[in-house]
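One structure, as structure tokens, below. Some questions next.
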Amino acid sequence: MTVSQPRRITDLGFARLDVDRAERTGDPEVVFGEGKTPAQIVATLRALHEAHPGRAILATRLSEAAITECAEALPEATLDPVGRTAVLGRGETRGRVAVVAAGTSDLPVVRECATTIGVFGAEPDEIIDVGVAGLHRLLAQLERINEADVVVAVAGMEAALPSVLGGLVGAPLIAVPTSVGYGWNLDGVTAWLATLNSCAPGIVSVNVDNGFGAGVAAARIARRSVR
Amino acid sequence: MTVSQPRRITDLGFARLDVDRAERTGDPEVVFGEGKTPAQIVATLRALHEAHPGRAILATRLSEAAITECAEALPEATLDPVGRTAVLGRGETRGRVAVVAAGTSDLPVVRECATTIGVFGAEPDEIIDVGVAGLHRLLAQLERINEADVVVAVAGMEAALPSVLGGLVGAPLIAVPTSVGYGWNLDGVTAWLATLNSCAPGIVSVNVDNGFGAGVAAARIARRSVR
Amino acid sequence: MTVSQPRRITDLGFARLDVDRAERTGDPEVVFGEGKTPAQIVATLRALHEAHPGRAILATRLSEAAITECAEALPEATLDPVGRTAVLGRGETRGRVAVVAAGTSDLPVVRECATTIGVFGAEPDEIIDVGVAGLHRLLAQLERINEADVVVAVAGMEAALPSVLGGLVGAPLIAVPTSVGYGWNLDGVTAWLATLNSCAPGIVSVNVDNGFGAGVAAARIARRSVR
Amino acid sequence: MTVSQPRRITDLGFARLDVDRAERTGDPEVVFGEGKTPAQIVATLRALHEAHPGRAILATRLSEAAITECAEALPEATLDPVGRTAVLGRGETRGRVAVVAAGTSDLPVVRECATTIGVFGAEPDEIIDVGVAGLHRLLAQLERINEADVVVAVAGMEAALPSVLGGLVGAPLIAVPTSVGYGWNLDGVTAWLATLNSCAPGIVSVNVDNGFGAGVAAARIARRSVR
Amino acid sequence: MTVSQPRRITDLGFARLDVDRAERTGDPEVVFGEGKTPAQIVATLRALHEAHPGRAILATRLSEAAITECAEALPEATLDPVGRTAVLGRGETRGRVAVVAAGTSDLPVVRECATTIGVFGAEPDEIIDVGVAGLHRLLAQLERINEADVVVAVAGMEAALPSVLGGLVGAPLIAVPTSVGYGWNLDGVTAWLATLNSCAPGIVSVNVDNGFGAGVAAARIARRSVR
Amino acid sequence: MTVSQPRRITDLGFARLDVDRAERTGDPEVVFGEGKTPAQIVATLRALHEAHPGRAILATRLSEAAITECAEALPEATLDPVGRTAVLGRGETRGRVAVVAAGTSDLPVVRECATTIGVFGAEPDEIIDVGVAGLHRLLAQLERINEADVVVAVAGMEAALPSVLGGLVGAPLIAVPTSVGYGWNLDGVTAWLATLNSCAPGIVSVNVDNGFGAGVAAARIARRSVR
Amino acid sequence: MTVSQPRRITDLGFARLDVDRAERTGDPEVVFGEGKTPAQIVATLRALHEAHPGRAILATRLSEAAITECAEALPEATLDPVGRTAVLGRGETRGRVAVVAAGTSDLPVVRECATTIGVFGAEPDEIIDVGVAGLHRLLAQLERINEADVVVAVAGMEAALPSVLGGLVGAPLIAVPTSVGYGWNLDGVTAWLATLNSCAPGIVSVNVDNGFGAGVAAARIARRSVR
Amino acid sequence: MTVSQPRRITDLGFARLDVDRAERTGDPEVVFGEGKTPAQIVATLRALHEAHPGRAILATRLSEAAITECAEALPEATLDPVGRTAVLGRGETRGRVAVVAAGTSDLPVVRECATTIGVFGAEPDEIIDVGVAGLHRLLAQLERINEADVVVAVAGMEAALPSVLGGLVGAPLIAVPTSVGYGWNLDGVTAWLATLNSCAPGIVSVNVDNGFGAGVAAARIARRSVR
């Protein structure tokens, strides 16, 4: 019997690291955890950390097993089981991003986004439990929200929050629709369609539950902002 | 050559009138104008008016030509070219319905709904231009909205208005998604999905642009309400 | 290793209770059980019960484990494993809601709806096994249905029941499409589309399987009704 | 300049007639009118009539212009401007098909179906205006419906009619969903999904508005039926 | 603690049997197994068998556990683990139905259909492995297929089989699209759309994988057929 | 005969102007031209221009008739028949936005976006005809693109351009999917899905053909940017 | 008034010609006619013909007006009003492509495909009216089809033709789904899904009605083929 | 108790082998592993190998258990656990196919495709990790890609790779969309739509993740190619 092998050997046996990317775009390195074994994640984080000792390295979408493995193998890592992230190293930050969420159910997306913002060079400010069905709580946080350079609005269900915020703030506003819902919400497509059809102009959005993508975009904007 | 004929002759040649319906459900008679000629609409309105002289008769979805024909042939009718309705006769009203709308583009649906409410026995109160992107205008009308027995929220695009209202009022709340939008909104399905996935509990909804259906439901509730 | 923590501490560590909501909308407090641990559900129910001792508190979408935990920890609670609800305390009721269902498969939605109606202040009357394919059974219950202030029609598959009822009753009629089906029914969207396109005017609807939402709306209408 | 020509010359220049088909399947010849000029339709009907003088020939989906052209050029044809059909010649019929419809808006589909049934060898019986929202009218026709060998239920909107009939009759039952609707009904897909998810077993269906297809199937069944 | 109970007691505690249905439509009784426990299925089968000793009783969509339970508790039952059916009793049959399938993957649907045909009073003839990609095998069975009173074509993937058969046979033809596929086939909707858009006129269809529904329809037609 | 009137009189009879909005969000006033008559557009532009003489006013989605009417009535306006916009007045600009497009078919969206950017306070730089199928042309413009503070990538069909740009530039990147296509592209949803699923992280997007929305967002970011 | 102008001047004022493309891919130049004026099409064809005198130039999707304009202005062009194409010049051909179609309704797609094949360097052989519902006509052409180097199967409705051909021929097989249909066929998506889910392995497909794309692919394969 | 049996006995009890297929189309035999037991797969491979000793036999979509069983029972087989294939025997190859992939996540599809190419008679060349977000890596492999007779582009997410390749190579190009994605990508339909709407002409595609289908098509083209 012959079990055939992949023909192209790469640095780590399962992935070819593109160590030049950071130089080209100014962004840190990221390991997407889904579909990788805990051992692969630890090895990749280590290799990237050694290649870029002066910068932060981020891993996202980690399973519980991967979080546990990282906790043991990488004691210097900062881990977040809710947002399912691991961070190695630390970079400088500049500018501030308010990450506003309609409910506690959206917390995993909020945390993935906030951690990403930190790694990509800006300061996140999480403001949760300020959904539109309890408008007074949202209005109570308005001053704090308006101090940010960029606002990320994380919202599931009918995703009315970005529209309400759009009429209240002048900063760049990124909407993250989430798959959170109590019934037939098409796994977040309702929220997604809502963010793209907002009556408040200038709202941009990312894919459903994509806290990482929104964090990258928000940090890129915030770290170049001047107040 | 032989042109075959429909086999079943009815009262008016093109429709069999069900004059007992009002007795069975307590509702007035309605003529759905789409697909009918102006002459057919006038004839049907007249026949129903004669059968029910003491009650209001409503025609909806009238074309411009039908409005003009009604204006000439039925001088006693009340016509609304925006809501595309005609009303013959008048009934008593009981209870009040606030019809709240996010924008002037939703006016045709608002007017169809308000006229229906009047014909089905309650008093409509139209409150337009109070979308969520200008929250202060909505809050300025809150007291007036809270005086109604039923609230109908008409909203297109991402339809955030019903959710915001749902956190502010305690009366029964009916959402009417509309097909109003500036881009790819799937002809109102975005608004529709939004109303069905609202974070505010107890919101019920009707089909896209169905001001008539919401009006029927709202009037049924309002005319039985006690404050 | 550092495991980061959520920054905003709330009353119970995992949810910020909005104890003013009842005053604002007149509605009781509700705990949505999906995604919460049994211990969290018990703790939240207790906290809300202490904050509102004179009112009923409802928990919905409870897992089997949560039902068991509630049975042990909250002996005064009324539990329904079919409708997956728990109720603490009791309020007054006013008006009556008929909850009509096409089949026994819809029972979980019927029960969630009926329990919600009771907690939100009206009297539910469950009438099951009266689908349109056995019309005589439905007609046999018509007098009883017509005694209600509001009718809720729960129906899966092609959801013909609301339309048939719409021609027979004059009370406000709320349709709840369910995901019950024997084949490819798009997880209830067939039933949902059917309720929104009913040939009987004035039917309003809620999301698929949303017995809770229909119950809230029905109770709000029924408790203000005068016969 | 050279305008290129189709390479394959056929009998009529624009269509190759398959005059053997009738022998193979026992079915008459049919001309589908959509996309053909009035002159092409007349020529094709004539050619088929000459090839099969002892059998009926059917043309469907005729435009107004084609109906007019047929009236002038083929005086012996039976034309139906509502169902948009033309028939030349006449065959024997055997068995009876009840074509039941929920509303007058469905009449074009009913007529296309009934004419097809006649051409394909059975006797059609049109029974219209018997929708489920007025149940007493449907029940009043039940005996007549039960005398048919096959029942075709034509229904738009939520298409509840086939399900109600399915519980009342024992004959083979074919549902024809139509695109008739007052709002967002996805051009008949709501009715279509409803017929396929009927709670009454044994209902088969055809494409939206396909009165022709249902007619072919119904006639094939009826003309082989024994009571 | 109080666990609330369903209010309506029925014959078996979990289902109200409609023993009059057979008289009304001439069809046998059927137990849909999905969502029922093995014990409930056995009890329902027994009760129906006692109520209708001279007729066949069918149970469909049985789990492996239900099949095992039936094998032990109902030794006189005929069980089919592939088609997931159980049959108690036996009725007369009249007429023949060819059940033609494109591949062995469609066998569960074929078997459910064939068993249903037998219970509903006609003789099934299973002809499998005759897909269009191996046309010679299909043509080799053509004479046998043409001897049937009704043809059921079971086909997944692109479901070309019904169209090919439609050009070859003159008997009533029912298509059953299946969810069988090797890639992204939308769980059978590709096959479903194909059957509804067939270029061969007169094909009717049922829901995806609905061998039972096709069997009911086919048997109703076949047992009334005269050759 | 009585033709009913809208009850709420506003400044211009057909729209209530919200002249405070600019103060609240820092954005200029915009008139959405779709559904408005040329006369209404001219009147609204004039009223807003008088209310904000020191700022630019933008009108979008103008019909040919509206462009002609503006050309006559508002000689000081800057009109763009391709992008369908009119601009009155002029504000200061700060920062630069590259608007990159895959093809000339996308030009209307590019122009609407560029004009919006100018009105909202940044400098647009249009770079067209640089699609991915001719990679060398895109690479030839890379230096110029990298000088911008924000990049807007306008792309129809399969919308590969944003992904390719995402790997080449480090500035914030906004994708505008367009409905441009040669076949079945679902009116732009293919491009839309592509932008949301880009393999290049940090891309945000707006609705199909929404050059205006992308322009608002891009200008907000650019005018706060520091290089 | 100032009407702004596009900033980038190209060769023809409305399009930048990429005269190097042919060298890079070996393909001829093509003008996509949709959205271009007749004058623009004539001018572009002329410019490309002058740049590549020794090669064929193709224009597709021409309106009637454009065909007329080409007939007058470019007398040496070969025009096809059915396939909506114009060809200038002539190249060598190598290899043969059978373009097989199910019906005459598919002729425009067949012709666009055949003309494209000729321009891209292979010999087309059109074989129409050989749908699966008349299997004997298809089998009669089998020998001729099997002589081709590549087979293109053009089919609308349920698109069974590619699957049937897939079991009969061994040459590369390209399916072109068309939007031809008699009812609700989702504008060709039914045919499209069918071609992608074919039970015959190795079938590749292009977008709906994309005869051009299939022609390009087929010619590329055929002109490199050795028998 | 009687457990009914399938009526048609075939060679192996569960499948009728079509040993003539290879003669008819020139293709080798293939066993589709999904839904078959490891024992059935081994038995079928053996039977086919004995029937065609001089040709390669392929099994695809093998489970881990099936791979293990094949390793033990068929020591002469070549197994690939990544691509989930088994191969018995060996045929000659002619022509070369480049299989190009955007990322390592697409490896299973790449391997299934490459193995299929080998079995169907051409030489595969796998070139992975050359996605469009890192354009320099793709350009570095361009010479090698251009040496192939056919190019297969395997790509998930937004599938921009085929379009970029389409502008760079002149060989026949087959796109394989994959279901690889980081968020809401509709299980590959985004990639699928992208390949069908590519701006680069002449790209053909197969179903999502269908490496096998692309391999069959590519090998058929390559083995007839002349350079």
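Letters A, B, C, D, E, F, G and H mark the chains as written, and numbering starts fresh at 1 in each.
Heads up, the rule we're going with is that a residue touches a chain if its C-beta (ideal position, glycine included) is under 8 Å from a C-beta of that chain, and two chains touch if they have at least 3 such contacts.
Fair warning: this is a prediction, and the values are worked out from it, not measured in the lab.
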Chain separated most widely from chain F, comparing mean CA positions: E
C-D, B-C or G-H - pair sharing over half of the E-G contact pairs: C-D
Length of the line joining the C-alpha centres of chain F and chain G, rounded to whole Å: 35
Averaged-CA centre spacing for the pair chain H and chain C, given as whole angstrom: 50
Distance between chain centroids, defined by C-alpha means - chain F, chain H (Å): 44
Centre distance in Å when chain A and chain D are each reduced to the mean of their C-alpha atoms: 57
Multi-chain contact residues (two or more partners), chain B: 134, 167-168, 182-185, 189, 192, 196-197, 207, 212-213
Touching residues on chain H, where the partner in the complex is chain G: 24-27, 30, 149, 167-174, 192, 196-197, 201-207, 212-214, 216-217, 220-221, 224-227
Chain G partner contacts - residues on chain E that touch it in the complex: 102-103, 131-135, 157-160, 163-164, 166-168, 181-186, 189-191, 193-200
